[in-house]
Amino acid sequence: MRPWLIRHLQVFFYSLGQLWRSPWGTLMSVAVIAISLVLPTALYLALEVVDDLSGQWHSGAEISLFLEPEVSDQAAINLAKKINQRPQVASVDYISATAALEEFRQKSGFGVALDLLDKNPLPGLLRVLPKDNQLSSIQAKAWLLEFSALPEVDQAEYDYAWVQRLQAMVQIGQRLGLIFSILLGGGVVLIIGNTIRLAIFSRRQEIEINKLIGATNGFIRRPFLYSGMQQGALGGLFALAMIYAALSLLAPAVVRLAGTYQSEFTLQIVGWIELLLLPLLGGALGWAGAWLAVGRHLREIEPG
Amino acid sequence: MIRFSEVYKRYPGGGDALKNVGFRLATGEMAFLTGHSGAGKSTLLKLITAIERPTRGQVWIGQENISKIAHRKVPFLRRRIGIIFQDHKLLHDRTVFDNVALPLVVAGLRHQDIRRRVRAALDKVGLLRKERNYPLQLSGGEQQRVGIARAVVGKPPLLLADEPTGNLDPSLSLEIMDLFAEFNRVGVAVLIASHDLELIKQLGYRQLVLSEGELVAGGDSR
Amino acid sequence: MRPWLIRHLQVFFYSLGQLWRSPWGTLMSVAVIAISLVLPTALYLALEVVDDLSGQWHSGAEISLFLEPEVSDQAAINLAKKINQRPQVASVDYISATAALEEFRQKSGFGVALDLLDKNPLPGLLRVLPKDNQLSSIQAKAWLLEFSALPEVDQAEYDYAWVQRLQAMVQIGQRLGLIFSILLGGGVVLIIGNTIRLAIFSRRQEIEINKLIGATNGFIRRPFLYSGMQQGALGGLFALAMIYAALSLLAPAVVRLAGTYQSEFTLQIVGWIELLLLPLLGGALGWAGAWLAVGRHLREIEPG
Amino acid sequence: MIRFSEVYKRYPGGGDALKNVGFRLATGEMAFLTGHSGAGKSTLLKLITAIERPTRGQVWIGQENISKIAHRKVPFLRRRIGIIFQDHKLLHDRTVFDNVALPLVVAGLRHQDIRRRVRAALDKVGLLRKERNYPLQLSGGEQQRVGIARAVVGKPPLLLADEPTGNLDPSLSLEIMDLFAEFNRVGVAVLIASHDLELIKQLGYRQLVLSEGELVAGGDSR
C-alpha cells in the first residue's frame, strides 16, 4: 500500500510543480475557471438574498378582514386569536381603526388631507397571513368566502395584483436561473475540458513516448487528472476571494437599501460554509473535465 | 524469442511493406536487419512492438501471439522490450537523468533503485557527467546514447534498435555496437536494423536482409 | 496589390479549414467564447430593460401639490399650465378631488372603507414631474418651499422614501454592473488568449520549422490572428443565437409582469441592430486575444 | 561565401563547443565538415544560420556580418540558405508536397510557380509518386529525401546539411551526395557535416575536421 501512495503523491507534486513552472498559463486557466465558478455562485447567492427579502415582503400576500364599525377592540382581538388557531394561518395582526388611519397617513403621503376629516372613516382591520406563501387563487377565494361570512367581518379582501406580480417575478427569476445555470454549468465543463484537451495536444510527444516505453493508460492519465483537479481547486479558491471582495463592495449599498424598507437585512446571511465548498466543487469539476478530455483524446494519440 | 510466420503488412493506401516474412530469433541471439531504404526494416520492428499490426500472418514474442494482442496488454509487452529509435524520441523538457529513468518510473520502481540503475546505465554509455543536462544541450550522438541508456535501463530480455548508429561517427558506432554485443553476452536478445554494412560485416552476426518487403536472406530455412 | 490579397485570402481559408478539420476542438473553443459573450450582453440588455422600466416608474419621484379645497377645477388647470411652463418641469397632472378618491380606492385596497365616507375628504392634487429624474434633495426642498407659497396650494410633498430606495437600487445596480463587466470582460480576453496560447504550444514544432525556413514573424502570426478572429466571430454568432433563444423563453413572463403594472412594455425594445454587432465584437476580441498571446509566446519559441 | 574569423562558442553551463575557429568557404565551393560526436559540427552550422550567436569572433555570409545580425533580418538570411536537418524536421500534418512547398510559400511565390518547382525538386530526389503522402507514411530514408527536396526547392546559393545520409543505406547515400555535387556544379556552395569518412574520402572534396571544438584540418592557412 505504501509505494502506491508514494507514487500518487509523487504525481500530485509533480503536476503541481508543472503548474508552478508555467505560472502565466496556470494563472490564465485558473482565472478562467474562477470566473466561471464565480458567476453561478453569485447567481445562487442573489437568489438566496431575493428569497430572504421576499420572505420579509410576503406581508403583501395577506388577507384583509374589514371589521364592522361596532366591533370592540376586545372582540377583535378574540377573533384574531380564534383565526390564528387555524392550521394554515401563519399570523393574525389586529389594526384598530385609529392605528389604521395612522398607517394610512404614512403609507399614502396624503397626511395633510386626512387631517381634514371630521371623524375616522376607517374600520378596524385584521391582517391574516397564510402559512403557504403563495396561496393559490382558488384557495384564496375559499378563504375570502369563509371569512366574510363571520358576523364581525364587514368585508374580506385579498391583494391579487401583488400576488400576480410576485408570481410573474418568481417565474422570470426561475427561467433566468435555469438559463444561467445551463450556460455556466456548461461553461465550466467546457473550459476545463478545453484546457486539458489543449494540454494533451501540447504534450502529445510525451504521451507517445510514454506509450512506447510501456506506460499504461492509467499512468498517462494520472498527471492530467491531478492537474485538472488542482486547477479547478485553485479556481475555486480564486472564486471564493472574488466573491468575498464583491460582497465587501456591495454590502454597504445593500444595507442602505434594506434600511429604506425598515428591514434589518444584511449580507451576513450568506452561507460562508457553503462558500468553502467552492474549492472542493472546483476540484471535482476539474477532475471530471480532465477525465472527459483525457478519455476522448488519449486513445487518438498512438505512436506511429 | 521472436517468431514471424508468413507475415504480410500493407499500409492503408500503399503497397505491401512486408511480404511473406518468416524467421526466428532465439532467446539470447543477436542479429542485424539490413536492406535498402524503404525495404521494410522499421515496419518489421513496429510489428514486434505492436505499434502496427500485421495484415496477415502471426508474430510471436516468447509464448505470446502478439498479432492479436489486447490493447491493455500492450504496455506490459513493451516493458519487456528495450527500443532505440531512429530519432531518439527524448523528452525535451526533462533532464537526461529523468529521460533514462522513465521506463523505471513507468514500471513503478522505488526511488533508490531508480537512482542506482539510471546512473549505471548512463555510465555504460559514457554520459554520467551530463545527467543534469537537457537533451537539446547534447550533440546528436550524445542524444542517441541517451536513448540507448533508456532502452537498457530496465534490463529487458529483448533489445530492438532502429539504426542506432545513424548519427554516430565510426569509432563511436563501433563502441555502441560493442555495447550491444556486451548486452547480448549476458543473455539479452538483440535485433538491430542498420545500413552500416561495413560495420555489420566486421562484427559477424547473423544478417536478415529485406528487399522490397521480402526477406531475401537470413530467414527461416524452408 | 493582387498577390498580397490572394495570400491573405489563402491564409484566411487555410485557418478556416484548420478549424473545420478539428470540429470538436473548434466547437469547444467557440462555445466557451460564446458563453463569455452572452453573459455581458445579457447584463447589458437587463440594464437597458431596467432603465426603461424605471423610466416608466419614475412617476414616484414626483412632487404632490395639495390644493386648497375652494380651488375650482378651472383654476387648478390654469395653475397646472403655469407650472408646466417652467423649464425644469417635465409634466403636470391635475387630479380632481373625485378622481383622487377613485385612485385612492384602487391603490389602497380599502375600497369598502371609503364607501363609508359621507363626503370626499380629499383635496384636489397637482402632480409635478421634474425633468431631471433624480432630483437632488436640496433642489427638491427648494421646490417644496416655493410651491407651498402659492396661494392655491395648501401643502407640497415629496416622496423621499421612494427616492432613497431608487437611489440605493441604482447604486447597487451600478456596482453590480461594474463587477460583472470587469469579470466578464477579463473572462473573454483570458479565454481567447488562453485558447490561442495553447494552440501555439500545440503547434510549437510548426512554428520552429517555419522560423528555420525563413518565415518572418508576421507570416507566422497571420494564421493565428485569423484563427482567433474566426473563432471569436463564430462565438459571437453562437452568442447571438443563445440570446435570441433566451429572449424567446423569457418574453411571455416579462409581458405578463409588465401587464400587472398596466405597462405595455415588451422585450421588442431590445436593440436588434446592436445584437448584430456581437459577431463583429467577437471577431475583434478574438483578433486582440490572439495578438496578445502570439506576441507573448512567438518570441519564446526559437529553433535550438 | 562563408567566413569564420576567430569564432568561439560557449553554451551557458557548458565548456567551449567551438574554440578559435577560422575558415573560408568560397562561393560555389563544396566541403565536408567532420569530427567525432560532440566535436561541434552542428554548433558550427547553427552559427551560420543564426540559430546560435558566437560568444566571440565574427561570422560572415557574403557581405553580411551575422554575428550581430538584427532579429528581423534573420528570416531573410535563412531564405538564402537551404538547410537539411539531422532529424528531418518535417510537418507531420501536411503532405510531402506541402512540406516541400513551405519555403516557397514563405517567400510568397505564385501558386503555379510553387507547383512547378516543388514537383521538379521531388523528382530530383525520386519521391514524385509520394507527393500526396504524409511524412509518417514514409520510411526514414524517404523522409530524409523530403528534407533535401525542401532545402533545394528555393534554389539557395548556399546549402547546409547536418548528417544528411545518417539514416540512408550506402548506395542511397552515394546518390544523395551525388545530388549535392550536382547542385555544387551549378554554382551552389555546399557544406555538409558528416561522419561517413569512407564516403567522403571517395568523393574527394575539401574536409574541415573539428576536434573538441577546434578546427584541426582544412581551415585557414595562417
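Letters are used for the chains, namely A, B, C and D, taken in the order the chains are written, and counting of residues starts over at 1 for each.
FYI, contacts are C-beta pairs under 8 Å (C-beta built on N, C-alpha and C of every residue); 3 or more make two chains touch, one makes a residue touch a chain.
What you see is a predicted model, and the numbers here were worked out from it, not measured in a lab.
Undergrad: Quick check on the contact network: minimum steps from subunit A to subunit D?
TA: Steps on the shortest route: 2.
Undergrad: From the C-alpha centre of subunit C to that of subunit D, how far is it in Å?
TA: Comparing mean C-alpha positions, subunit D is 62 Å from subunit C.
Undergrad: Calculate how many whole Å lie between the centre of subunit B and the centre of subunit C, each centre taken as the average of the chain's C-alpha atoms.
TA: 66
Undergrad: Can you work out the whole-Å distance between the CA centroids of subunit B and subunit D?
TA: A distance of 29 Å separates the two centres.
Undergrad: Taking each residue of subunit A in turn, which ones touch at least two of the other chains?
TA: Within subunit A, residues 304 contact more than one other chain.
Undergrad: Report the topology of the inter-chain touch graph, choosing from line, ring, star, complete and other.
TA: Its topology is that of a ring.
Undergrad: Identify every two-chain combination in which the chains touch.
TA: The set of touching chain pairs is A-B, A-C, B-D, C-D.
Undergrad: Report the residues of subunit D in contact with subunit C in the complex, numbered from low to high.
TA: Within the complex, subunit D touches subunit C at residues 49, 51, 72, 75-79, 83, 85, 89-91, 102-103, 106-108, 110, 150.
Undergrad: Can you name the residues of subunit A that touch subunit C in the complex?
TA: 24-25, 28-29, 31-32, 35-36, 38-39, 64, 66, 69, 104, 107-114, 116-117, 121-123, 154-155, 157, 159, 161, 164-165, 168-169, 171-172, 175-176, 179, 183-184, 186-187, 190-191, 193-195, 197-199, 201-202, 204, 242, 246, 249-250, 253-254, 256-257, 260-261, 296
Undergrad: Name, in rising order, each residue of subunit D that touches subunit B in their complex.
TA: My answer: residues 11, 13-14, 34-39, 41-42, 86-88, 133, 137-142, 162-163, 166-172, 195, 197-198.
Undergrad: In the complex formed with subunit B, which residues of subunit A make contact?
TA: 3, 7, 205-206, 208-217, 219, 302-304
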